[in-house]
Amino acid sequence: QTAPEFAADGFSVCVDPTFPPMEFMADAADKDPSGVDIDVARALAGLWGVDASFVSMDFAGLLPSLEAGRCDAVISGTVLREDRLKTFNAVPYLDTATVLIAGKGAPAVSDIAELAGKTVAVQSGTSYPGRMEELNAELEAAGHAPTKIQQYPKQSDAIQQLLVGRAAYVVTQDTEIAYREMQDPGKFDVVFTMPAAAFEPFSVYLRKDDAETAKVGEAVKALVANGELLKIVEKWNLSPSQLNGIGE
Amino acid sequence: MISLRNVNKNYGTFHALKDVSLEIAQGEKVVICGPSGSGKSTLIRCVNHLEPHDSGEIRLDGLEVGAARDVLKVRRTAGMVFQNFNLFPHLTVLENCILAPKLTGAVSDREARKMAEDYLARVHILDQAWKYPIQLSGGQQQRVAIARALCMKPKVMLFDEPTSALDPEMVGEVLDVMGELASEGMTMICVTHEMGFARKVADRVVFMDAGRIVEIAPPETFFAAPQSDRARAFLSQISH
Amino acid sequence: MISLRNVNKNYGTFHALKDVSLEIAQGEKVVICGPSGSGKSTLIRCVNHLEPHDSGEIRLDGLEVGAARDVLKVRRTAGMVFQNFNLFPHLTVLENCILAPKLTGAVSDREARKMAEDYLARVHILDQAWKYPIQLSGGQQQRVAIARALCMKPKVMLFDEPTSALDPEMVGEVLDVMGELASEGMTMICVTHEMGFARKVADRVVFMDAGRIVEIAPPETFFAAPQSDRARAFLSQISH
Amino acid sequence: MSFDPSTFWEALFSWPFLRGALLTLGLTIAAHLTAILIALPLAVVLNGPPSVLRKLITAYVGFFRAVPTLLQLLFVWNALPQIFPIFREEWFTPFLAAWIALSLNESAYQVEINRSALSAVDGGQMAAGQAIGLKKSHIYRYIMLPQALRVALPPTMNEFITLLKLTSLASIISLQELMTVTQINVARTFQFSEYYAVALTWYLVMVYSLMGLQKLVERRFRWSSRTEAAALAETRRSRGW
Amino acid sequence: MSFDPSTFWEALFSWPFLRGALLTLGLTIAAHLTAILIALPLAVVLNGPPSVLRKLITAYVGFFRAVPTLLQLLFVWNALPQIFPIFREEWFTPFLAAWIALSLNESAYQVEINRSALSAVDGGQMAAGQAIGLKKSHIYRYIMLPQALRVALPPTMNEFITLLKLTSLASIISLQELMTVTQINVARTFQFSEYYAVALTWYLVMVYSLMGLQKLVERRFRWSSRTEAAALAETRRSRGW
């Protein structure tokens, strides 16, 4: 494996450690964050024979830092989106689905009509609001009332609305709910998996340099091939199906 | 009209007025004099309750000074000219004068303005009516302060050295105005060292020293033959 | 010592000093009088460059007043007592007096303090040395202002109505102090209406009206036989 | 750094950004005005003699300054409905919640500004107002406050601008003002320089307009300057104010 | 809402929270002091006659108040090293970057506070200082500023507290102060009330200590009150200050 040039003296990664299990501070006193992305970054670095280091910051600081060269990559639960590729390159490493969760014991949603008029809390700046709007369009087309969408800056703020009782559902990632279930079983239930309009896996974001990006792509492929990614997926209680389509 | 009985006033540990008693009849004109720091300003500030007194009784036109419900009545009864003027710097000369009549609703805006112009003319300062206090010389400010107090049409006037910043000519004119007020029957207390004025207008002279009233006498007696040693020593300096 | 040549000063459109010329020799004592608003304060404020003049030339002890590099020298040459005192409210009486000597480094702290105490004693206010200005009566403040100016050991003193807030007794004492200064050879300009003082101490009396010097004469001549009609009218009021 | 001018221009006048800017401005004005109204009487009490009320107000000021605005917003939005069910209803919008929280928060700061401005007014002014027989309310309305305003205006403008930025915290209760809209767009497209430039432009427009306004108001305070009072007097005379 | 006291107490004195609180306090003190030092001379110029310099300072004040602090932080941390390579080195820590950005930012607000406080000092004070022959620097140092301080203190304290909260923005350049530590813990455990209570406690401690300090300083200003000056004079005389 040829290491990309930016990783010649170590692989530094910017993360916003408030999105378990992708990246979070496992213990308040920890120096480095833990999580899926952290393990992925370490695996990549291992492949290149260098050390991985992590810089924690608020989400808004991630991209300027990457652009300014303060870190080599952003691996922070960021999914692949077409319009993001104008400014940065991306390499997918883990597929993910968007789900609706509700309090424990809530009945599963079998028909979207059941969502009509309900309040749904979502994290802003994600793909969730867009997805919910598509869903609302469907509802309206079918003659139902749309859902009421409330946007919150952090996933935890959105989930708080569920606990407070203001929102009926919260949109989140299958990864997150898997983690919550592992930590504190029996609080939430997944009631609905959002239909995926496009392939939007978690991705490594890099500066616009196609040659270097290709090397990272190769590395991910290698991690799929040698089973390292699968180990990480199992470690974090995720589904092996989430590796479908990765490394292709 | 004004009566003080055993009035005491302390500033912290400093005893500024000591057992002061004084009766002033309607229409009477009283001049207060005495050395610097003897409590003259404090005395007249107590009369309209700008300073609360600590003990004793003060009555003004039948009102008890210090009784919460009468405090506005007391102050509207007594007009005051401050030693350091205290004009309102954000208002023009004219506005300084019409503020109180307008707000207390005693007269219409029109009348208030007319009255203010009259008084400003009387102290020869009507031509400065549009200026702000900061633009005026010391003497001009003092005259505005006098006009402002008169505009309240008070029954009693309290003057704290109303001529200190004036030139002799203007002193003459202001004293004339005060003389007129006196002859119109206004009750007046005037802290001043203008012995000429005291002689001409005052019914009685009150001499203070170190917070006490040392002597009260008609001006002729006081100037010619002061009773107390302190007053004698004080007066001997005037011909200086 | 002090020379003004064709000095003009405007406040906006108001012409406050009009072609004022005046020569004052070393050790001379000049009294300025004139009606309120005639420009007396403005004149002495121009002498130590507190107000920049608009045209003409002012020289003080050989220095050109208005030249940027000499402005501190000019102000240290001339001590000033303001009409409204302008004491520093955040400093005690003693600190008010020693601030300048200490900062200009002319004397040691010890000497500065000793000198301040001397001057405060001379104006009978040493016992208030620990008070703050707000605690003092008007006359007490004025005396502190005088002591503060003297502590600079200036060659020239500019007094703006230094006795206006004083009782006659204190006027006498302050005038005594000024007389002593005069006899020690200090050059002085004093805006005052104390004719007694003018008669006794002044070498010349300058009479101003409406921004102009109308008359300059020795006091005897001025009081006995003023040349101008304006001065005559003015003086006729004094015996009022 | 890449910068795509067309993205910038498109976003600058797009409805979400305009709406965000208006929301920011509207919320700030509403909250600040309310804060000033709350603060004025409190400052007057603080400027008076010591009393129990004064102690209470001091505690109020300390508390609302100490509690992070974020928590105040969360409290009003999340906890209030649990305590008083009436706040669970439709009418209790994020705007309303932010208005309440920011007004209370800001009032604590404004109290201190007003207190200090009142204490800067010369003591003789109050005495002069009393001496001409004015009621306390009139003394404050016509004498103390107009003079205090001169001193209070610059720090008040500081607070207004701080509040303008602080409204972005209201994103935590799902209010989408200027900064939130910006960050949503950055997160969506990762084009941070373009969208931040849009936010910056709007903030600059708002702040500089405000400073222009402040300058106009300050012209009315020239009575305090020996050299400028004449000009003000002249204007007033000629306009017959 | 559930509240687990043991989580609260454990976190309250845990190293990350202590460190966060200290970082918050340290950064705030450093940035505010620097801001005041920058602001003093600028305010003195603004208080003087009109000039080109005054116009420049007005523009500076407007600019640094208008630009969101977030952007200033990002600029100093990310853009500066691209312009001046010297900032790429190790010594340029997030703390330093935050210090620079917050100082500049805060100085703009502080200029306005100082300007207004200086303008509140009676005009005769400057004249009196000149008349006793003091240099301009001495007049400001010994006469104007001590009197202005009385008026500037309350709004300055406002700014300090605002800054105390504002440091949380520095999490964007990877500085982990009190609020960041809190949010990281909330994200991990969802124990909102416990961790926010910890942050709240620390903010309350800091703000109330500060207000106590302010009160002590304000005792030195009793010279401005007719009724209280005597007490100050007495203290000073007895202690021989």
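For the reader, a short list of remarks on this structure follows.
For clarity, chains are labelled A, B, C, D and E in written order, and residue numbers in each chain start from 1.
Just so it is clear, a residue touches a chain if its C-beta (ideal position, glycine included) is under 8 Å from a C-beta of that chain, and two chains touch if they have at least 3 such contacts.
Keep in mind that what you see is a predicted model, and the values were worked out from it rather than measured.
The fewest steps needed to get from subunit A to subunit C, moving only between touching chains, is 2.
Interface comparison, C-E versus B-E: the higher number of contacting C-beta pairs is recorded for C-E. Measuring from the averaged C-alpha position of subunit C to that of subunit D gives a distance of 48 Å. Subunit A and subunit B have Cα centroids lying 82 Å from one another. Subunit A and subunit E have Cα centroids lying 38 Å from one another. Multi-chain contact residues of subunit C, defined as those touching 2 or more other chains: 11, 84, 134-135. In subunit D, the residues that touch at least two other chains are 1, 82, 122-123, 150, 224-226, 230. Multi-chain contact residues of subunit A (touching two or more other chains): 60, 64, 67, 160. In this structure, the chains touch in the following pairs: A-D, A-E, B-C, B-D, B-E, C-D, C-E, D-E.
Those residues of subunit A lying in contact with subunit D across their complex are 59-60, 63-64, 67, 81, 83-84, 86-88, 121, 124-127, 129, 150-153, 157, 160-161, 164-166, 205, 208. For subunit C in complex with subunit D, the touching residues are 11-14, 134.
Put simply, subunit D touches subunit A in their complex at residues 1-2, 4, 78, 81-82, 88, 94, 171-174, 176, 180, 183-184, 186-192.
The touching residues of subunit E, when paired with subunit C in their complex, are 122, 124-125, 127-128, 130-135, 138, 142-143, 146-147, 150, 221, 223-226, 229-230, 232-233, 236-237.
The part of subunit C that touches subunit E in the complex is made up of residues 45, 48-50, 72, 75-76, 78-80, 82, 84, 86-90, 92, 99-100, 103-104, 130-135, 148-149, 152.
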